[in-house]
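Multiple structures follow.
One chain, subunit A, links the two complexes that follow: it is found with subunit B in the first and with subunit C in the second.
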Partner chain A sequence: MDSSVTLDRVVMRFGDFTAIEPTSLEIRSGEFFSFLGPSGCGKTTLLNIISGFLTPSEGDVRIGDASMRGVAVNHRPTAMIFQNLALFPLMSVYQNIEFGLEVRGVDRTTRRRKADELLDLVALGGSGDKPVSALSGGQKQRVAIARALAVEPRVLLLDEPLSALDLKLRQHMRNELKAIQRKTGITFIYITHDQGEALAMSDRVAVMSAGRIQQVADPETLYHRPKTPFVATFVGENNRLPGRVVECHAGLAVLEVPGLGRLTGRCESELSPGQPAALFVRPEHLSPSSAEEETEAPRLEVRIETVSFEGAWRMLEARLVATGDTLRILAGQGEGSALQPGQTASFGYAPDKAIVMADDGSPMLDAETGEIQEAATRPDRESPHVSSA
Partner chain B sequence: MSAQRFFDWGLRLYIGLFFVYLFLPLAIMAVATFNDSRFPTITPWNGTTLKWFAELWADGRMWAALGNSLLVAGGVLCLAVPIGVASALFLTTVESRAKPFVYGLILSPLLTPGVIIGISTLIFWREFGVSGGTFLTVLGQATFISAYVMLMVMARLQRFDRTLERAALDLGATPWQAFRRVLLPFLKPAILSAAVIAFLQSFENYNTSLFVVGYDTTLTVYIASKVRTGLTPAVNALGLVLIVITILIAVVYELKRRRELKPKGV
Partner chain C sequence: MFRQLKARFGAPVAMAIAGILGIWLILMVTLPQLQMIDYSLRPSLLPAEIGGPKDGWTLINYVTLFNNDIHLSIFFKTLWSSVLVTSLTLLVSYPLAYYLAKTATPGQAALCLLLLIIPFWINEILRTFSWFILLAFRGPLNEILLTLGLIERPIRFLNGDTGVLVGMVYAYILFMVFPLYNAIESLDGNQIRAARDLGAGSLRTHWRIVIPHAKPGIATGCIMTFMLAAGSYAVPALLGSPGSRWFTQIIYNWFFEGGDWNQGAAYAFLLLILCIGFMALVMRLFKVGLADIAK
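Up next is the complex of A and B:
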């Protein structure tokens, strides 16, 4: 059965506020698809539009070939797993799972057989008679999944269901969700602000910001070939070095960065000389460079500020000697692991690992505070040394 | 240490005095039932008797009034509980600019003296040719008892997790099924206690009822009228019967609750 979900120029407005800018998207049948974005980016609104709790101001949602216009929540072939799970507290595990079947008039024996099957699927066999209050967090999670699957939805909507669990359990449930998705073949639409979750589970991810989809791609592409500065900073960590384009050809761009000179990186789209742009280089792509190496390679002189030991690696927080901007560097076990706060060092990167993107004025993640910054409040947009370049 | 002891004893003394204050009148009333005196008193003690129970039994008007009180209380339940629950649902669920108005409208009878509710009910319905009686008593009492029900149900509704309702709809339930299977079971304890309060409020009501009972006297109004015509310990006998019934109900309820609290099937 075709369980694809199509958003056709969907727009959502609340009064003067546009929560969802015109959005078109096709989620393939049987796909594990995630919407990833910071809180307030509109991802929950989109989920509510798909499930039918909200009616879009414009546009249409199709599931398979059927338009969902005018189809009420209780008649849509979707089931939702809520952030707080929303298990019925006064009912037993069986009653919770059978609820969707009961309201459809399915008889008792069929209901019970189905519930037992699902309890086995989520590895909770034999717990049917327990009250839900007697379950642990992970078990409640499984009951919520079983309850949603009981109505045989074509599309399962998951609203950050793992956020309340502790780290170990969360990682375990990730695998389990993925396994259940593979076994059932149902289209999963998953909402999260946790990029680790989105990248680990999804076939494809849509990164959202301010009511707009920034990029839709598989996790690898998203990480290695971000299309916008927002994606580059929101998915994984990234160092951002703003400057102006000097030249751009054959997929390589040269950027004049105030205080640092000319830096080279890949460019995916055409950039014209003089255009404000930024170079993005990930912490793991920065490696110590020694003075004897050829002068062609970009080199960044830094003073190490803090070293945090994370087990398998160290995260160095450093300041560029020339500009005072922060640079985050991931040091493995060997090279760079001896560096101490206060030391100066020189780091380089392979130009094909860095990306140059036009400064599109979209909001992005601030590396120091971890907060989303709107373009207007970003200090570097009008900083004097950029304009003097 | 000694300050602590002083405090403990002080607390015990206070609790003791409190219970004496609470129960001594009831005890005197109960004891007076058995006094062979024309007035409800324990001094002088003229000898022990059970004749006031016999007199109570023989007082047809008293039983008629009791029956009428129960009828009114039942009627008030049927009117005030649906109105109270509905307004609580309206005020917590529906987004409407009428909200403050409805809230004020339902609560205003609580802030109005019962006498005025009684008089205005009587005057209003006389315009339509309806005079005092059981019907008007039910209406008069229900106006302010609805407010009690609404407040109690609202308190519980505010703790209801609305996503449960959304979950029910999402799983295919109709709005009515979601209400009946999810919201109503959650509200049940509040509705039941509101019903009990409503019943008691109606049963003990005097000041509103006084104006609207007409010839269908309720128990409170009847007892009050007897004060004028001469109160006998038969009234005490009635009080004692009601107290015993109340205690019995409370004991049965408590036993049932304790049995339900015990872990099942182990």
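Up next is the complex of A and C:
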């Protein structure tokens, strides 16, 4: 059965506020698809539009070939797993799982057989008669999954269901969700602000910001070839060095960065000289370079501020000597151990590992505070619509 | 509790508080009740005979009710009508409480609650009188119905049960709405959404999710409304007389017109037993305990 989900120019407005800018997207049948974005980016709104809890201001949602316009929540072929799970506390595990079947008029024996099958699927066999309150966090999670699967949805919607679990359990449940998705072949649409979850589980991810989809791609592409500065900073960690384009040809761009001179990186799109742009280089792509090495390689002089030991690696927090901007560097066991706070050091990167992107005015993640910054409030760039106002 | 008071204020203050509370409960609540029980168990005698050979404990006053067909029928009619008032009030209050708790915006809810509460700033007798005016034979309600052509001649609302039912549902609606509102308000909205998402229509969602959650509130509201209705005097006296008599009116008559306090006390205790019986029944039906209701 075709369980694809198509968003056709969907727009959502609340009064004057536009929560979802015009969005078109096709989620393939049987795909594990994630919407990733910071809180307030509109991902939950989109999920509510697909489930039917919200009616879009414009546009249409299709599941398979059928338009969902005018189809109420209780008649859609979707099932939702809520962030707080929303298990029915006055009912037993069986009653919870059988609720959707009971609504559909399925007889008692069939209901019970189905519930037992599902309990086996989520590795909770034999717990059917327990009250929901007697279960642990992870077990509740499984009951919620079984309850949603019981109605045989074509699309399962998951609203950050793992956020309440502790780290170890969360990682375990990731694998389990992925396994259940493979076994059932249902289209999973997963909402999260945790990029680790999105990257680990999804076939494809849509990164969202301020009601707009920034990029839709598989996790590898998203990480290695981000399309916008927002994606570059939100997915994985990234260092951003702003400047102006000097030249760009054959897929390599040279950027004039104040205080640091000319830096080179890959460019995916056409950039014109003089255009404001930024170079993005990931912490793991920075490596110590000694003064004797060839001088063409870009070199960044920094003063180490903090070193945090994280087991397999060390994360160095450093400041560029020339500009005072923060640079984050991931050092492996060997190289990192010699570096101490207060020390100055020099780091380089391979130009094909760095990306130069035009400053598109989209918001991005501030590396220092971890907060999303609107373009207009960023100090390094004069926003055209602010200066003209 | 005494220990907590003592820890907080010291022994003298704690003893003073406990003492005042104790005197209040014993002198002003327990003793008068015991006195009434004593009254109800003694025959009505002339002052000269009190303490004489005829004075002694007897159940004669309680038996009176069962030998008087009119009083007995009014007793059961009071029971039945109070159940009806309670059910009607529940029927009217549930949608209102659900709207206030789950559907209304905070502004709408505040406005709605204000409109509900303002009339209750006026004395119950006056409010009942206003219904008296509204429901009168030549009153505004009959006028409107006549003008709309819905009826051909005015209806006598006030000579019978209709007026009493309308008046009581109105008089006690807040005692039903607030417990219901509190109970429904504490229900997680995602529960309702989850039920809808799993395919339940709105009737089933109410029946399986909202009502079971609101059970303690429904029980509290029903018990309060029933007690108030069964013990009501003003509404039946004003809106029902003489066609609809309430048991409270008979008790009143025994005390103040018959001058037979012993008989009146016995009738009053029978009404109390009725109320306690109803409360126990509701608690059993809804499977809630006293602790749930006290919440």
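Keep in mind that, in the parts below, the second predicted complex is superposed on the first by the 380 of 389 C-alpha atoms of A that agree within 3 Å, B and C clash if a C-alpha of one lies under 4 Å from a C-alpha of the other, contacts with A are read in each partner's own complex, and residues count from 1 in each chain.
Convention: contacts are C-beta pairs under 8 Å (C-beta built on N, C-alpha and C of every residue); 3 or more make two chains touch, one makes a residue touch a chain.
Model, not experiment: these values are computed from the prediction.
J.: Based on the superposition on subunit A, does the combination of subunit B and subunit C result in a clash or a fit?
T.: clash
J.: Please work out whether A:223 is in contact with subunit B alone, subunit C alone, both, or neither, and reply first, second, both or neither.
T.: The answer is neither, since A:223 touches no partner chain.
J.: Does subunit B (first) or subunit C (second) touch A:103, or do both, or does neither?
T.: After superposition on chain A, A:103 lies in contact with both partners, subunit B and subunit C.
J.: Between subunit B (first) and subunit C (second), which does A:147 come into contact with in this model arrangement: first, second, both, or neither?
T.: Both partners.
J.: With both complexes superposed on chain A, which partner does A:51 reach: first (subunit B), second (subunit C), both or neither?
T.: both
J.: Looking at the overlay, does A:73 come into contact with subunit B only (first), subunit C only (second), both, or neither?
T.: A:73 contacts both subunit B and subunit C.
J.: Scan A:313 for contacts with subunit B and subunit C and give back first, second, both or neither.
T.: Neither: A:313 stays clear of subunit B and subunit C.
J.: What part of subunit A is shared between its subunit B contacts and its subunit C contacts?
T.: 51, 53, 73-75, 78-80, 82, 84, 86-88, 90, 99-100, 103-104, 147-148, 151
J.: In the complex, go through subunit A and note every residue touching subunit C.
T.: Residues 51, 53, 73-75, 78-80, 82-84, 86-88, 90, 99-100, 103-104, 147-148, 151.
J.: Subunit B touches which residues of subunit A in the complex?
T.: Touch residues, subunit A against subunit B: 51, 53, 72-75, 78-80, 82, 84, 86-90, 99-100, 103-104, 147-148, 150-151.
J.: Tell me, which parts of subunit B touch subunit A in their complex?
T.: So the residues of subunit B touching subunit A come out as 161, 163-164, 166-174, 177, 181-182, 185-186.
J.: Considering the complex alone, what residue numbers of subunit C touch subunit A?
T.: So the residues of subunit C touching subunit A come out as 188, 190-191, 193-201, 204, 208-209, 212-213.
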